[in-house]
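Following this line, the structures themselves.
Below are two complexes that have subunit A in common, paired first with subunit B and then with subunit C.
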Partner chain A sequence: MSDFAQIIAIAKRELYLEIRNRGRWAGLFFFAFAVLLMVAFAAPSTSVLRANAGGVLWIGLLLASTRSLDQSYAVEMEDGALEGMVLWPVRPWSLYYGKALSNTLTLLAVAFALLPLVIGICDVSVRGSLSDVVLFTALGCAGLAAPGTLYGLITAKARGSSVLLPLLYFPLVVPVILSAARGTTLVFEGDPMGQSGSWLGLLWAFNALHWSLSGLLYGRIAEDA
Partner chain B sequence: MGALGLLTLVLGQYMGLFWSPPERMMGDVGRMLFTHVPAAWISLLAYTAAFFGALTYLFTSRRGADAFIVGCIEVGVLLNVLLLIEGSLFAKPTWGVWWTWDPRLTLSAVMLLTFVGVLTLRRAVSDPDTRASWTAIASIPAYMTIILTYYSVKWWKSLHQLQSSPETVDVSMTLVLRLNAVAYLLLAIWLIAERARVAYREAKAEMPPLPPVEKVT
Partner chain C sequence: MKTDDASVVVHGLCRRFGRRWALSHVNLDLPQGAGVVVTGGNGSGKSTLLRCLATALRAHAGTMTMGGKAMWTHREQLRPHIGYMAHQNHLWMDLSAHENLSAWAGLGGQTVDAPALLEQVGLNAGRRDAVRTFSAGMKRRLAVARMLLRTPRLLLLDEPFSGLDAAGRTDVAKLFAALRAEGTTLVVATHLPQAVVTMVDRCVTLEEGRITSDEPFSGLSA
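What follows is the complex of A and B.
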C-alpha cells in the first residue's frame, strides 16, 4: 500500500469513528456556539462585534479544537488500542497525516456550521469573495490541526492532559489565530487596502512548516507512547 | 564563571548608570536598554541552545543532552520574564503604557508561555526516557516562536524599534551594551551548567539499579 493510500485509509477510519459517534460533532458545534454567545454577551456593542467578527469565529474554533483533539485520542486510550495502532504496518507519518487530515475535516465541518451564525450574530455583511472566506477557514483549520494532532498524542498519555494541551498548544497556534482572525475580518469588510494577502502568506508558511515538522516528529512520540 | 559574570555585570551596570551619557531623545530612561537588550539577546540564545540540545537528544538519546535542554529552557524563561518586566518599565515613560499588543511584545509573551508549557510537560511525565524524548520533541516546534519573535519588527508594523546596529549607536553606548551582554552571557552559561549538572544527577538517581553480577563457576 502506498503512503498516500495509507493516509487516506487512516483518515477514513478516523472519520468513520467520528460519524458513528454523531453526538461528538454535535457536542463540538454546540460548544463552539456557546463560546460564540459568551463572547457576544461580553462585547460592549454590536459595532465591536462586527469589527471583530473574524476573531469571534476563531476563538470559538480554537476552544472547540482542544475538545476535538482531546477526543480524537480518547478511543485509542481504551484497552491498549494505541499500542495496537503503533503496530499497524504503516509508516509513522502516515498515521500522523491520516489523523491530522481527519482532525482538519472535523474542524472544517464545525467552522462551516458556525460561519452563518457568526455572520448573523455579529451582523456582518460579507463584502469580500466567498472563496477567500473558504480559503482562510481551510488554512486556519489545517493550521490548528497540524500541531494539535502532535500535541494531542503527547498530552493523551501525560498527567493533567486537560490543562497541558491548551498550555502547550495555544501559544504555538497564535500565528494561526492572528492571521485567520485578521484575514477573515478583512474579507468580511471587503479588504479595501489589499492586506489579506500577507495574512494568507503567514498561514501558508505556518501550515507548510508544521505539517512537515510534526509528521517527522510523530513517529518518535508514537513509539514512546 | 559565575563570579566573573557577576563582576562584569556590576561593572556594566555601573557604566550604564553613571558612565554612559544619557540618550539624546529618551534621557536617563534610555539606560534601561543596557539591561533589557542583553536580557533579550541571551534569552534568545538560551532558547536556541535548547533547540540544538533537543536535536542532539533526538539523534543520540544522551541524558546529558536532556539535562542541557532543561538548563537552557529554565534560564531562557528566567531571562524572558526579566525582559518582559524591564520592557514594561521602559514602555511606561516612553510609550505612555505598561503594555501594548504590539507584535514584538505579544510574541515575546507567547515565547514565554510556549517554553513554560514545555517545562510543565516535563512535570506531567513520570518515565524519564519518555520525559526526555517529549521535552526534546516539544522544544522543536516551540523554537519556531523565537524566529517569529525575532523577525516580528521587520515583518509587521511594530511600535518596538527595529534591530539597531553599531553604525547607528554611539560607541559609548555600544561598549556598555556589549559589556552587559557579555555579563549576561557568562551568568547564563554558569546557571545553565549548574542546572544541567543538577538535572543530570536527578536523572541518574531515577535510573533503576543495575542487577547484581552473578559469579560464573
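What follows is the complex of A and C.
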C-alpha cells in the first residue's frame, strides 16, 4: 500500500469519526462561537471590534484547536488504538500526515462556519478577494494543525494533557496567529500597501517547516519505547 | 525478511521501569511454529516480555532476533509479520464492529469480509452498534477478529481470554490453534493455562522477570 493511500485511509477514518460523532464538531463550533461573542461584547466600540475582526476569528480558532486536538487523541488512547496503529504495518509519517490532514479539515470546517458570523458580528465587509480569505484561512488552519498534531501526541502520552497542551502549543503557534490574524484583517479592510504578501510568506514558511519537521519526529514520539 | 523463517531468539533480555527490573536476563528460543504459554504471577514480567517481542517496548539490554534480524533495529520491516493482542483491544470505541474491521483492513490496504469474520469469532449481535456499547467479552471477540485480518508469522497474545465466557474461550482457542497449524508461532501470556492446551505444547514460567522453568506442556499439571 502506498504512503499516500495510507494517509488518505487514516484521514478518512478520522473524519468519519468526526462526522459520526456530530456532537464533537458542534462542541468545537459553539466553543469558538462563544469566544467570538465574549470578545465582541468586551470590545469598547464597534470601530475597535471592526479593526480586530481577524484577531477575534483566530482567537476562537486557536482555542477550538486545542479542544479538537485533545479530542482527536482521546479517541485513539481510549482503548490503545494508537499503539495498535504503530504496531500495525502503518508508516509513522503516514500516521502523522493522515491525522494532521484530518485536523486541518476539521479546523477549516469550523473556520468557514465561523467566518460569516465574524463578518456579521464585527460588522466588517470583505474588501479583498475571496481567494485571499480562503488562502489565509487554509494556511492558518494548516499551520495550527501541523505542530498541534505532534504536540497533541506528546501531551496525550503525558499526564494532565489538557493542561500541558496549551502550555507547549500556544507559544509555538504565535507566528501563525499573528500572520493569519493580520492577513485576515487586511482582507477585510483592504490592503492598499500590499502587506498581505509578506504575511502569506510567513504562513507558507511556517507550514513548510512544521509539516516536514513534525512528520520526521512523529514516529519516534509515537513509539516512545 | 523471508517469511518462511520466523524463528525468534531472545538472549539476555532486560527491561526496567524506573529502578525496577521487569525482565532480567531472559533467554528464549522460539522455533517457527512453536506454541508457548507464558505463566507467572502478577508483575512477573509476562506482559513486558510480550511487549518487547511485539517491538512495542525497547529492551534495555540483550538481543532479540527474528529470522536472524535484530528485532528493534528492523522493527518497521518485521512488524507486518508480528501480531500483538494486548490487554487493551486496540479498537475505536465510537465505530461499530464492522467499521473497526474495515478501518484496520483499510490501513493495510486490504478488503475484508467483515460479516464472515465476525461470524467466525461468534460476534453476531450488535455488529452495527458502537463498540462502546459492547460488553468486555464482545470487545475481546472483536479484538480476536482484528488479529485474524492478517496472518502474522509470530502471534503474541496477552490474556486473550479475558472477559470471554467458556464457549468463547473454546472458540478463540480453536481459531488460534488453526493459525498455529498453518505455521504461525504462538506466544500466549495467561493466567488460564488450561484454556490454551489445544494451542501450545511448551510452558515458560516467569518469576520476578526471570525464567524459572521452560518445559513441555500437556495441560495436565497446570
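Keep in mind that, in the parts below, the second predicted complex is superposed on the first by the 224 of 225 C-alpha atoms of A that agree within 3 Å, B and C clash if a C-alpha of one lies under 4 Å from a C-alpha of the other, contacts with A are read in each partner's own complex, and residues count from 1 in each chain.
Throughout what follows, a contact is a pair of C-beta atoms (placed from the backbone, for glycine too) under 8 Å apart; a residue touches a chain by one contact, two chains touch by 3 or more.
Keep in mind that this is a model prediction, so the values were computed, not measured.
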Given the touch rule stated above, what does A:M38 touch, subunit B (first), subunit C (second), both, or neither?
-> neither
Can A:Q6 be said to touch subunit B (first), subunit C (second), both, or neither?
-> second
With the two structures laid over each other on chain A, which partner does A:R20 touch: subunit B (first), subunit C (second), both, or neither?
-> second
Looking at the overlay, does A:L130 come into contact with subunit B only (first), subunit C only (second), both, or neither?
-> neither
Once the structures are superposed on A, label A:V48 by its partner contacts, choosing first (subunit B), second (subunit C), both or neither.
-> neither
Go through the superposed model and pick first if A:A208 touches only subunit B, second if only subunit C, both, or neither.
-> neither
Under the contact definition given at the top, report the residues of subunit A touching subunit B in one complex and subunit C in the other.
-> 225
Of all residues in subunit A, which touch subunit B in the complex?
-> 147, 150-151, 154-155, 157-161, 163-164, 167-168, 170-172, 174-175, 209-210, 213-214, 217, 220-221, 224-225
Parts of subunit C lying in touch with subunit A, wherever the complex brings them together = 54-58, 76, 79-80, 82, 84, 86-95, 99, 103-104, 106-109, 131, 139, 146
In their complex, what parts of subunit A are in touch with subunit C?
-> 1, 5-6, 9-10, 12-13, 16-17, 20-21, 75-76, 78-81, 83-91, 225
Flag every residue of subunit B that touches subunit A in the complex, lowest number first.
-> 58, 106-107, 110-111, 113-114, 116-118, 120-121, 124-126, 129-130, 133-134, 137-138, 140-142, 144-145, 148
